[in-house]
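Residue numbering begins at 1 within each chain, and the chains themselves are lettered A, B and C in the order written.
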Amino acid sequence: MTAQHPVTRVEKLRRTYDHGKVVAVNDISFEVPVGGSLGIVGESGSGKTTTAKLIVGLEEPDSGRIFFDGQEIGTGSSRKLRRQRARTVQLVFQDPYQSLDPRQTVGGAIDEVLRLHTELSTSAFAKRRAELLEQVGLGVREAAALPRELSGGQRQRVAIARALAANPRLLVLDEAVAALDVSIQAQILNLLSEIRRETGVALVFVSHDLEVVRWVADDVVVMFRGSIIESGPTAEVLQRPEHPYTRLLLSSVPRLGWDPAQVSQARREFLATQ
Amino acid sequence: MTTAPPSTAMLAVEDLTLAVRRDEDVKPILASVSLSCAKGEIVGLVGESGSGKSMTLRTAVGLTPAKADISGRVQVSGLDVLGASGKELSKLRSRTASMIFQDPRAHINPFQRIGTFLCEGLRIHQRMSKEEAARKATGLLDEVGLPDPARHMRQYPHELSGGMLQRVMIAAALASEPELLLADEPTTALDVTTQAEIVSILLRLRRDRGLSIVLVTHDLDLAVSACDRIHVMYAGSIVEVASAAELARAPQHPYTAALFAARPSPDRTELKAVSGRPLGLYEVEGGCAFAPRCPKAIDLCQETAPETRLVDGHQVACHLASEPPVQPVGPLTKGERP
Amino acid sequence: MAVMTESALVRRRGLGRRFGGNKAMTLSIGVLTLFVLVALFAPWLAPHDPNAVSLANSLQGTSADHLLGTDQSGRDVLSRLIYGARSSLLGPLGVVVGATLLGVTIGVVAAWRGGWVDTALSRAIELIFAFPGVLLAILLVSVLSAGLKATVLALAIAYTPYMARMTRSAALSERHRPYIRALEIQGFPAVSIIVRHLLPNIAPLVLAQASLCFGYAMIDLAGLSFLGFGVQPPQADWGAMISEGQVALLQGAPLSALAPGVLIVCAVVGFSLIGEGVADRIRRADR
């Protein structure tokens, strides 16, 4: 019996700053099944972004282990290790404008990554490039453009295409739609669902937005002050939250007939117990 | 335009058209914007980037770009803002209307104690003594729900969280006992639980002080849950005005409907993305500004800009608005729930 | 002639707009272009041999034959100015190129590696900084023997801290921007990220600083030539000409010293204006 390994398994991951005085991530564990999608929800200071950085190797954990396809990839920042990691996991940043070289065309950015990670023949290279652009809904005109000539949504598409160019098994998205207009957010969310269905890439969606996570994630972990306080299938957790903090988060989402005074009362009561 | 603002209007913007001049270029920003906020009312101004919502708000207190062509009328508490002298404008800003912004940290001197920051305005504009100003400032911090006002007075901005600092900014805005509060995306940079806190403070201020509030936001759900009436803006124009409940029940303009349908929510089974991106007024080439993205657009929409009309209590600028309430339309992308 | 002036004006206006409509900068570019052309075509432009001594014609005033008169040794001042443009421009260019290569390397390495490498390099830079540039140059020249090459080398070292410090801070802020992070995550080698992405993005800043340095280097080199450390006689050089013209100044023939002085001022001001113009443009673009 060879049970399929999850794309990523994180075991007792811990990251502190300031010589252990600030605990950003406190012994967290979770896994993402092949082609699955996990939402990591929390507010600022919850450790969700640090978790994303730990997974892609931008930060090194104090302790704990990260497995990709059942294998542990060593920590460290050697070129070989970074490249090996890049072919497994890719990150899409919150601000697509900041994450693209302002002087490089869209096509140039994708070519560069393709050259680094693949050894395609000239014709296969061009085909793959066109395929990537099409996958994110960009045309030839956008391929020749510089980032500043594109809209926010188009830039995020470029960032996604570039991440996919390395053919990763896992895509980590750190607040990837938070900086976009509402009407554009939906485009990107739909695009991600489509890509996941077509390529089987697994997603880790880091967000403060419960509704967005509800939409894209099969499973969810809720983080508060560095720890996971609740986890499970998204529908279940959001329908029947067990932890008072999850309930607080849910009640904070504005809707018609919402009573913010009641929410802030609940918040004060919750924080008093911490 | 259609209806004159009520006489009790704290803020009345009528037919405001604004274009910014740069060298020889003229860049239109606002087209015939009308907006009103009555005494004690919370009005939402909702739009995406480039819609002109912030410019409308700034114009309300006379903060217009240096080189701009402006026409129309803007009245705040009876003062004609566009025709006002510099002295009248500074009185308007220091007495009648206050503003709060998205990023409180950018609007406060990081090397000044909270107390010094709050007292400065009180001492200059209201000629208070040092003790009087300190007493008043402490009271204001208490009013915006900060737990330990006396201690916060001695703290520096970096010692406070974003949510606490936004409350300090609200306290500063209240220092001049304004009648009108203009809030430009005041909760966008904050956590959801903190957002609830700020909104509840705004609601309480309206109740206790009879404050009129204009809330500018990109978040239609937030506007619906916090405001009495909502103006929806697109490409420099107001496309729909209705009470919050009405707007949520039956949005009349396809853009408003699209904004609702594009947000994930428990009671939606699919996300309906709008194709394209939000435009600025300067990018619109005649006809209805939303027509290129509108799933229901007909030939007429491409040719002439729609007049504002009254449908079921909504003011709506759409050629198709006299039809039965707009039903959410089919998806434009193949988005489904995974 | 009139037609030519007009077309030149039109072209300048075009250039000016590209550089943000800065008239002073356009004028500076025009003047410096003129200087470079003069230096390049010196043998064709100079009416006389710059080194032809004629003691009989010593310290003559302006005349049809000698438009700017002659110096103490009876050499034609105009011809010496024209030939002098070569060392006077080439010298600072050498200083700036040297200081830029060295400074950018140090600055980028310090910013990229951080930690103790950064600390060590920064301290070294501060050490050179603490030493007055001209004094350092005099010290080096006394070891290496006088001449243009030695002074240029010395000043290049003295100017390195300016370039290094600016590059370090620019590279540091660039290094922490998400796009560099994104490339690191992709697994690109550090050198390729630096060469292909980081350097092109800080290049305009480096360029602005370099052109400011050019002006200062020109003054320092002229000063060193004046003191007798730089260009050696009889070679023509603006700084050296001022030095040689001192006596003439006292004897009531000021042109041979004043003319090179005016040219140095023009060139220095020109380069400073260009440097500031470029820096200005970057600031505007950043906003």
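The definition used in the following text is that a residue touches a chain if its C-beta (ideal position, glycine included) is under 8 Å from a C-beta of that chain, and two chains touch if they have at least 3 such contacts.
Labels paired with UniProt names: A = ATP-binding cassette domain-containing protein; B = ABC transporter ATP-binding protein; C = ABC transporter permease.
Note that this is a predicted model, so its numbers are computed, not measured.
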Greatest Cα-centre separation from chain B belongs to chain C
Would you mind telling me which chain pair, A-C or A-B, is linked by more contacting C-beta pairs? A-B
Return the distance between the CA-based centres of chain B and chain C, expressed in whole Å. 54
Could you grab the centroid distance between chain A and chain C? Build each centroid from C-alpha atoms only and quote it in angstrom. 50
So, what's the distance in Å between the C-alpha centres of chain B and chain A? 31
Considering the complex alone, what residue numbers of chain A touch chain C? 56-58, 77, 79, 82-87, 90-91, 93, 95, 98-104, 112-113, 116-117, 159, 162, 166
Chain A contact footprint on chain B (complex, rising order): 48-49, 145, 162, 191-197, 199-200, 203-204, 218-222, 224-226, 244-245, 248, 258-259, 261-266, 271-275, 277-278, 293, 333-338
Taking the touch rule as given, give the residues of chain C at its contact with chain A in the complex, in rising order. 177-179, 181-190, 196-197, 200-201
Which residues of chain A touch chain B once you look at their complex with the stated criterion? 37, 43-44, 151-154, 181-187, 189-191, 193-194, 196-197, 208-212, 214-216, 218, 238, 248-249, 251-258, 260-261, 263-264, 267
